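In this document, chain identifiers A, B, C and D correspond to the written order of the chains, with residue numbering beginning at 1 in each.
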Amino acid sequence: MMERKDSLRQKLLSATDTTRVKVRFNDTDTMGVVHFKNYMIYFDDGFVSFMNSIKNKRNIEEMIHEGLACGVKHVDITYEGSAIFGDYVIVKTRIKDIGNKSITFIHELSKESDNTLLAKVEAVRFVLNLKTNKLMNIMDFLNYFLK
Amino acid sequence: MMERKDSLRQKLLSATDTTRVKVRFNDTDTMGVVHFKNYMIYFDDGFVSFMNSIKNKRNIEEMIHEGLACGVKHVDITYEGSAIFGDYVIVKTRIKDIGNKSITFIHELSKESDNTLLAKVEAVRFVLNLKTNKLMNIMDFLNYFLK
Amino acid sequence: MMERKDSLRQKLLSATDTTRVKVRFNDTDTMGVVHFKNYMIYFDDGFVSFMNSIKNKRNIEEMIHEGLACGVKHVDITYEGSAIFGDYVIVKTRIKDIGNKSITFIHELSKESDNTLLAKVEAVRFVLNLKTNKLMNIMDFLNYFLK
Amino acid sequence: MMERKDSLRQKLLSATDTTRVKVRFNDTDTMGVVHFKNYMIYFDDGFVSFMNSIKNKRNIEEMIHEGLACGVKHVDITYEGSAIFGDYVIVKTRIKDIGNKSITFIHELSKESDNTLLAKVEAVRFVLNLKTNKLMNIMDFLNYFLK
């Protein structure tokens, strides 16, 4: 059992996902570039895409409707470039660390057209069981999600 | 009873409210003006402000937590001007019509600095009882809200 | 010349486009459904997709960077259903009318999973020449865009 | 001169500002709480409010229209609680550090009703001169802004 969990952990830690987000006109501001808050939307797309790249039968989107909410505890984001209307943003996602009650993701956002780095993100997430209002053990959640 | 309802109806139809919304940097787009979708945020502030101007003990914000949701059925919005970062938008709100299952609001949005008209809005709202999943009679809702 | 313009007009009036938008978690509100303002984002995606379905060499996104801004003058939106996190929204777009200084689009938004109608939209747009600050003749704009 | 700059620096480093932001319905998500990206909107309000608390004649909002853009280079945000529709968020802002080309702000967000801590933010900002496309020296910018 521990062996299986450990191999799952290793598998997850080596998984990577890449998704593509189109910049909308309303993502930009008076500067003509994407407003800094909207990179949060983009890397959240990366989280959803990553989870669905490792999924089994059910999508991560269904978890919330089952009463399991993936919240965000901490975000560290460094802005390196800027994107404009019409750009496509490439979001590369991987897991940095799986703790007991938290899981840390690394997202790297770049511009598709010229590979310019846009932002580097470290985001710590947790899973809340809405029925018990308690944090769920991350490996328990992942085992449940991947069932 | 009918008399009381009628006098409430008349009172509501003659009520007006004015609120003030500050344009945020992220409300603007590459054009340097407020993106058209954000006027929906501003007139929604007008709705909340209007309801709380007629309220008795409880705020309209509490209704959702009591299981009564004010949804939007129809919006007709004409854009007449544009606002920039730092502008204050004045939202004037009144009720145009109270139907059985819907209530129609009129919102007029203008720029505080020079009274320029920004947008005229007609928004039809309904009240959904989340427990029964049925539309609520509007006067019943208003009587409950104003209790 | 007039003939060519007329045939272009006819071609445009019979064109249709369908695009697909994914509902993000932050598109939803406390009700668990997409907030009414966000349908504006979705039909704006429909506009961009439509324009690029008829484009020649340049994307509609490039027009703003050439100083031609497509603004919105009027929106009439009727909400018919609601979408949740994870749904895909299908946006069908066509032109209803081409005036001198305005162009009217029809957007129909439905849920991909079960074809439920979500919203019907009529949106009147104009083209502003940012250099002259004047409205552009729509057929002139379309001829320029399609060049 | 250096003395004057140093005393300004000290004055700025000891300044604090408190502003109040109302949670809108569309700030919340399916969880019924404010979506994590929206705290970026709230602390940005704190930045604007802080700058205008130290301003002299012109508002910080006018700087962008003079060609001086305050961008964000880095954000570190820790989420400590959650707010719902109708809550008021109190944003306390101060400067942590003034570098040559960057300035670091500390924002503390709490719920007005019960003082619950919502989020702690460290945000590094820079000033871009849009005419030269170069970063501006921060004390030069502050001296210009406070003139």
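Annotations for the structure displayed:
Just so we're on the same page, a residue touches a chain if its C-beta (ideal position, glycine included) is under 8 Å from a C-beta of that chain, and two chains touch if they have at least 3 such contacts.
If you're wondering where the values come from, they're calculated on a predicted model, not measured in any experiment.
By the residue-number overlap criterion, the interface of subunit A with subunit D counts as same, with over half of its numbers used by both chains. Taking the mean Cα position of each chain as its centre, D sits at the greatest distance from subunit C. Rounded to whole angstrom units, the spacing between the C-alpha centres of subunit B and subunit D is 30.
Centre to centre, using the average C-alpha position, subunit A and subunit B are separated by 36 Å. Within subunit C, the positions touching two or more other chains are listed as 25-26, 30, 37-38, 41, 44, 64, 84-85.
Partner subunit B is touched in their complex by these residues of subunit A: 25-26, 28-30, 32, 35, 37-38, 84-85. Across the interface of their complex, subunit A is touched by residues 30-31, 36-38, 40-41, 44, 64, 69, 71-79 of subunit D. Across the interface of their complex, subunit A is touched by residues 24-26, 41, 44-45, 48, 59, 61-62, 64-65, 84-86 of subunit C.
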